[in-house]
Each structure stands twice: as C-alpha cells, then as structure tokens.
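In the two assemblies presented below, chain A is common to both, partnered first by chain B and then by chain C.
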Partner chain A sequence: MERVPILKVGDVLLISIQTDLEDRTALALQEDLAEQIVRTGARGVVIDITAVEIVDSFIGRMFATIAAMSRLLDARTVVVGMRPAVAITLVELGLSLGGVHTALNLEKGMRLLAAPDPGGPPGTMSGR
Partner chain B sequence: MIRELLRLHIHDEEDLFAFRQAGREAADAVGLDGPDRARVAAAISELGREAYAEHGPVEAVFWIRRVQRPALVVEVGFRREERPALAEAMAVAARLMDEVEEETRGDRVIVRVRKHLPEDAPVPGDARVRAVQERLARLVPASAQEELRRQNEELIEALEDLRRKHEELRELHAELEETNHGVVAMYNQLTQEMEETNQGVVALYAELDDKSEQLRRASESKNRFWANISHELRTPINSMIGLARLLLDTRADPLSAEQRHQIGLIAHSGQTILALVDELLDMAKAEEGRLSLRPVPVDVPALLEHLRSLLEPMAEQAGLRLVVEGATGPSDAPVTDEVMLTRILRNLLANGLKFTRRGEVRLAARTEDGHVVFTVADTGVGIAPEEQERVFEEFYQVPGSGGGGTGLGLPYARRLAEALGGGLTLHSALGEGTTVTVRIPLSPGGEPGPRRPPGAGRAGTADGTGQEGTP
Partner chain C sequence: MLPISNDVEMAAVRRAVRECAVQIGMSLVEQTKLVTAASELARNALLHGGGRAEIALVESGGRRGIRLVCTDDGPGIADPAQAMSDGYSTGGGLGLGLGGTRRLVDEFTLDTAPGRGTTVTVVSWAWRAAGPR
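The block that comes next holds the complex of A and B.
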C-alpha cells in the first residue's frame, strides 16, 4: 500500500495528494497526519489536491474528518488546488466539508494559515 | 448499437480502486469533459463502494451506446439480498448521472447508470471504440490479478470436478466390487450345482452299468433257455416221430385210410417242430458265440451243385425254377467252414423258394476283393422298405407273408456269415423280388466276425425262415 508523504514546512504540514487515493491509503493518511501533528506541534495542515480528479463521498468525508481531527489537535486545515469539476461534484454529492478551509492554490493556502485564526468554524460549504 | 468497453469483477478494495479509475478513464476516453468526468467517476465510485460493501462481489461493465443519445453506460451487477439495493448510492448517482435504473434478473440485481456524451462531440466510430477498449484494458492492472483469480476459480472448479469424478469412480468401484461378489457367489453356486449334477451323472452311469449288466444276464438266460428248451423238446419230439413212423409201417397193424392220413399229419408236424427246435438250438449257439469253426478249403462249384440237388425237389414242388450259376465258377477256393456256409445258403434258398409264387430263384457266386460273393435272388413278393429293417430281428415275420417258420432264418444266416468273418446284406423292392448278398473272405480272419446283439441287425429281407432240415 502506498503511503502519502507528509512534508513539514515551518510549522505547517504539507500533504500533496498526487494520485487517486485508495480507501485504506486515505485511512492511513489520517493516522499518519495525527501523529505528525502531535510530534511536530504543527499549527496548520495544507492538503493539496491539485492532482485529484475523483472525489466521492468517502474522500469528501475524509477531508472533513482530517479537518475536525486537526482542529482537536490545535491545527487548522486548508484544502488547496481543488479542480472545478471536483468542486462541482462535491456540491452535487451534497457533501458538506464542515470546518474545512479552502484556498485556490498552495500559496494562498499558506498565506491563509499565516493569518490569525478568525476563530470558529468557517461555513465554507452548505450543509447536507 | 451498444459496445462493451470493459468488464471487471470487484472482489476487494483494490478492484474497487481500479473500477473507480476505470470509470474516470472511460469517461475521458469517450470524450466527457472535466466536470462530467468527475461526476461519472464519483457516481460509479459511490455505486461500486456501496454495492461491494453491502452485497459482496460485483460485476461491473462499461458500455458505450451509440444509438439514440450516445452515452457512456455503466452497469453494476450483484446478488440480490433482502435489503434494498444501493438506495443511498443510487440517490447520489441520480444527481450526478443522466439516467439511473435498476433491473432484477433472476437472483441478480443490475444497477445501470448513463451519462450522455456531449452533444457537440462526434459519435465515436469503431476505431475509436477499439482504441478505448485497448486503453481501458491496459489501464486495469487488476485485470491480470482478475485473470489470475478467474484461473484460480477455474482451477478450483476443475479440482472440484476431479474430486467429484474421483468420488464417482470410487462409487463405481464399490459397485463393481459388489457385482464381483455377486459373480463369485453365483459361480460358487453354479459350481456346487454342477458338482451335484455330476454326482447325479455318476450315479446315472452306475445305474446304466447295472442295467446293462442285467440286460446281459437276461440275454444269457434267454440263450440258456433256448438251448435247454431245445434239448428238452427234441427227445419227446423224436419219440413222437418214431412212434408215428412205427404206426405207419406196413408191417404194423393195418390202419384205416383216415387213420393213416391223420398219423401222417402228426408225423409231418413232428418233423416241422423238430426243424424249428434245431434252428433255435443253432441260433442259441450262434448267440453265445459257441460256434466253433472248422475252416477247410471249400470247393465252391461242388458246393453249389450240392445245394442245387438238395433244393431242386422243393423248387419243383413249388413250381419254380432253381437256377445256379457259377457251378464252374470261381477258381479260388475260400478257406472257411463248409457246413456253416452250406447252412447259410440253404437257408437263403429255402427262404427264396418259400416266398416266391412264380418265376425263379437264382444262386450265383463270384470272387471280389478277396471275398467270395454269393447272391440269392428271387422273383418273389419282396419286402417293403420299412420291413427291411426288421427282418433281421429274431422271430420277426413280415405280416401277411403267409410263410411258416420261426422267424429265425435270416438272423441266423446273418450271424453265421458274421461268424465266418463276412457279412450279409439285403436288397428288395415290394413285388419285384429280393436279393440277398453274402460275402465270405477267401481266408478266415482267424476269428469270427463281431457279435451283434439280437435285433441290432439292420437290413431287411423277406423273412420268414427257411426251414432247415437236418441234413
């Protein structure tokens, strides 16, 4: 099974998903990430999904889960690089990525994390 | 027209992943653009995931429809379960795809979704479809695994089949063994039965031996009886004949004509009885094989002449001609018992004369193959074919032949001929006469011919008997 590499950039952990994820790879990623957050004391997580073409409810829920988990570990999560088609699909799937911040690209995402925490979960997407 | 693009089986998560990727690739390959491609991928991902999670192994097929509104068609098939099929995934798919339908086929449920191709895109031609098929086939690495799994399944099936065959063979073997037991049992029974039958046969043989011994003894008793009777009878008959002769003597007291006639009849009857008794005695001797031969060279012409003179009176009395040929005949002189040979021929001649009303009786002799062959031919009544078989039986007389006698003449003649090492045969046709042929070897065989049991002789002849007077 492939594992998704987690890079540390400053106090931010960068996850770049380059391929479609298998379910168990996604699950493993959640665990790895939680460990890394605790170990590095990172304050932010950036998930780059530029290469991701397929998003279904499972993957969508994974993003939400990662965001919620990170929040509990005192880290904010930003999903960056979402393709328009993926965005459309997620909406049509009726998925709510509660607690997940998004940015158009990596640079904007990093900047978002550098800004002070506006506090409270952002209502990024409509609820289900 | 609908063409299949790819068919794959989902047995585990890797298959599921491959299915998802195939969905995206298929959408891309048939010309669906970004959002639609993502929709298709998401929708089939949802369907595949739920179908696999809820209903076990899934068979998924990608089609391309090129009639009506061209579309990418994806089917997900699985075994039907009690619970409702893919309610959630179908709801999601309905939002992402153009058509969603569910079909039940026997014990399987097939969920089919369609995504229309862009309206402005050209309908894919055959070449394009082939290219897509190849691309998808390359894409799914799981297809190798799938292939392996399929082969595995086939192997397992083959093994199972083999096991069944083996089982069948074992059963067959058991049946055969049972049959064998049956056969062995039957064989044993047959053997036993055959043994019993064999014992029966042996017993039967013993009984037969016993019976034949009894028969032989009976036959001996019969011969003894004949001999005794003959001896016992001869004495009183001789005295009867002697007394009659005394009464008839001219020197005795005169008798009336009537008395002379009656006593003449008595004397004549006595002579007849004596002849019969002598014959019986001879026959008994022949039967017992007690005839002793005294072979001497026989002058055949002289013998014939003697016979002629002997029987001429009888022929004259019957108004017949007696013709004797070969009085100058064979120069070879057979070495045999002259008395017996004479008796045979005289018997036959007397027979011929007795059963012939008119015409002649002819006696001839010739030499042939080391034998002297005598023939006695008459022009008499002849013997019917069915009677010819019986005239050699002792005491048998052809019904209605009207001759007197004991019925011993022919059997006796034959027995004597055999005793001389020769034989006697008979040819006859009813109303045309009878020819009897006697063959006597030129030199004695040293021993008498084979004895025949009484009545076993075949041939037939006018029977009756020659009276054999005492010489």
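The block that comes next holds the complex of A and C.
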C-alpha cells in the first residue's frame, strides 16, 4: 500500500496528494496525520490537491474528517490547489465541503495559517 | 467487464473511464464529472457486496459519448424514488446517495428490485468535442 508523505514546514504539516488515492491509503493518511500532529505539536495542516483529478464523496469526507480531527488536536486545516473542474463537480454532486477551509494555492494557504485564528470552523458540513 | 470487489479495482474503473473520456475528446469538466460519477457508482456497488462495471463508447447523431453500466448483486432497492433523493444512503452512510451522481451525467437509469441487485446505467456526451485530442 502506498503511503502519503507528511512534510513538516515550521509548525505546519504539509500533505501533497499526488495520486488517485485508494481508500486504504486515505485511511492510513488520517491515522498518520493525527499521530504527527500530536508528535510535532503542529498548529496547521495544509492538504495540497493541485494534482488531484477527482474528489468523490469519499475523499471529500476525508477532508472534512481530517479538518475536524485536526481541530480537536488544536491544528487548523486548509485544502489548497483545487482544480476548477473539481470545484464544479463537487458543487453539482452536492458536496460543498462546509467546515473545511480552502485557499487557491499553497502560498495563500500558508499565509492563512500564519494569520491569527479567526475562531470557529466555517459553517458546518452540508451535503452528507 | 471490470470487477469491483475492492478499492484497487474501483481505482481501475476510474482510470478506464478517464481513458475513454480523453479518447472521445471530452472537456476537462466533462471528464471530471463522469469519472467522479463512476467513482460514486463503483463505491455503491462495492458497499453492497461488490459488482462489476462495463464501459462502452456510444454514438448518436455524430456525437460521441460513454455508457457506463454498474451492477451489484446486493439486496436491491425497495424504494428507488427515495434512493434518488439527496442525502439518502445505505451501506453505512459512506455514499452521497444516487441523486448527486445523477446530476453529474446526461442520462441516468436505475434498474433495481428487492432481492435482484441494482444496475445503474449512465451516459455522458462529449458536448464540446471538436474531435479526439
């Protein structure tokens, strides 16, 4: 099974998803990430999906799960680099990823995490 | 005929659909919608005991498209109308239900009955295609 590498950049953990994730890889990523957040004391998580061609309901839910889990461990999550076609498809599918912060690219995502936490999560997960 | 009995085979279905979509010159958005729909349907089949997918190129009035037939031998659906409504999902709540998938494709047919399994047939056309790329 492939494992997605988790890089530490300052107090941010960076996950760059490069392949079409199989379910078990996605599940392993959640576990690895939780462990790394606790071990490193990271305050932020950036998930870079620039290379991701599709986000289905399973992967969408994984983002929401990671965001919720990270929050419990005192880290904020930002999903960056979503392709336009993926955004269009997610909306039509009915998965709006409420509760997950997004930024256009890695740079903006890092800047968002460097800013003070504005407070609670952005709305609640809709489209279950 | 592609089997769907685990997550690796599901990924193979996505890849095969993507290849066909590229072949008939679908736009990136068309490709993305269809591959996402295929992923949702394959997951439904997997959650209901596994199944199979069949991909075919179709043509109508000079327009090219892809037909994907996804079948499982699960318990079938007693109330297809309810299954199509947003947010409805069996199989442990892992799916979005079929309603979202329907919006991603041009044609959608659900054939099911209790004890008879479920077959979903979808067709998507390459609307903006100017020939294969």
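We take it that the second predicted complex is superposed on the first by the 121 of 128 C-alpha atoms of A that agree within 3 Å, B and C clash if a C-alpha of one lies under 4 Å from a C-alpha of the other, contacts with A are read in each partner's own complex, and residues count from 1 in each chain.
Convention: a residue touches a chain if its C-beta (ideal position, glycine included) is under 8 Å from a C-beta of that chain, and two chains touch if they have at least 3 such contacts.
These numbers come from a predicted model, not from an experiment.
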Contacts for A:Glu107 in the overlay, against chain B (first) and chain C (second): which applies, first, second, both or neither? neither
What is the contact status of A:Ser57 with respect to chain B (first) and chain C (second): first, second, both, or neither? both
Under the stated touch criterion, which partner chain does A:Glu35 make contact with: chain B (first), chain C (second), both, or neither? neither
Touching A:Asp11, do we find chain B (first), chain C (second), both, or neither? neither
Check the residue A:Asp74 against both partner chains and state whether it touches chain B (first), chain C (second), both, or neither. neither
Scan A:Thr89 for contacts with chain B and chain C and give back first, second, both or neither. both
For chain A, give the residues common to its interface with chain B and its interface with chain C. 20, 22-24, 53-58, 83-86, 88-89, 92-94
How about chain B: which of its residues touch chain A in the complex? 13-14, 16-17, 20-21, 23-24, 34-39, 41-42, 45-46, 49, 92, 95-96
Parts of chain A lying in touch with chain C, wherever the complex brings them together: 20, 22-24, 53-58, 61, 83-86, 88-89, 92-95, 127-128
For chain A, which residues count as touching chain B in their complex? 20, 22-24, 53-58, 83-86, 88-89, 92-94
Can you tell me which positions in chain C touch chain A when the two form their complex? 7-8, 10-11, 14-15, 18, 28-29, 31-33, 35-36, 39-40, 43, 86-87, 93-96, 99-101, 103-104
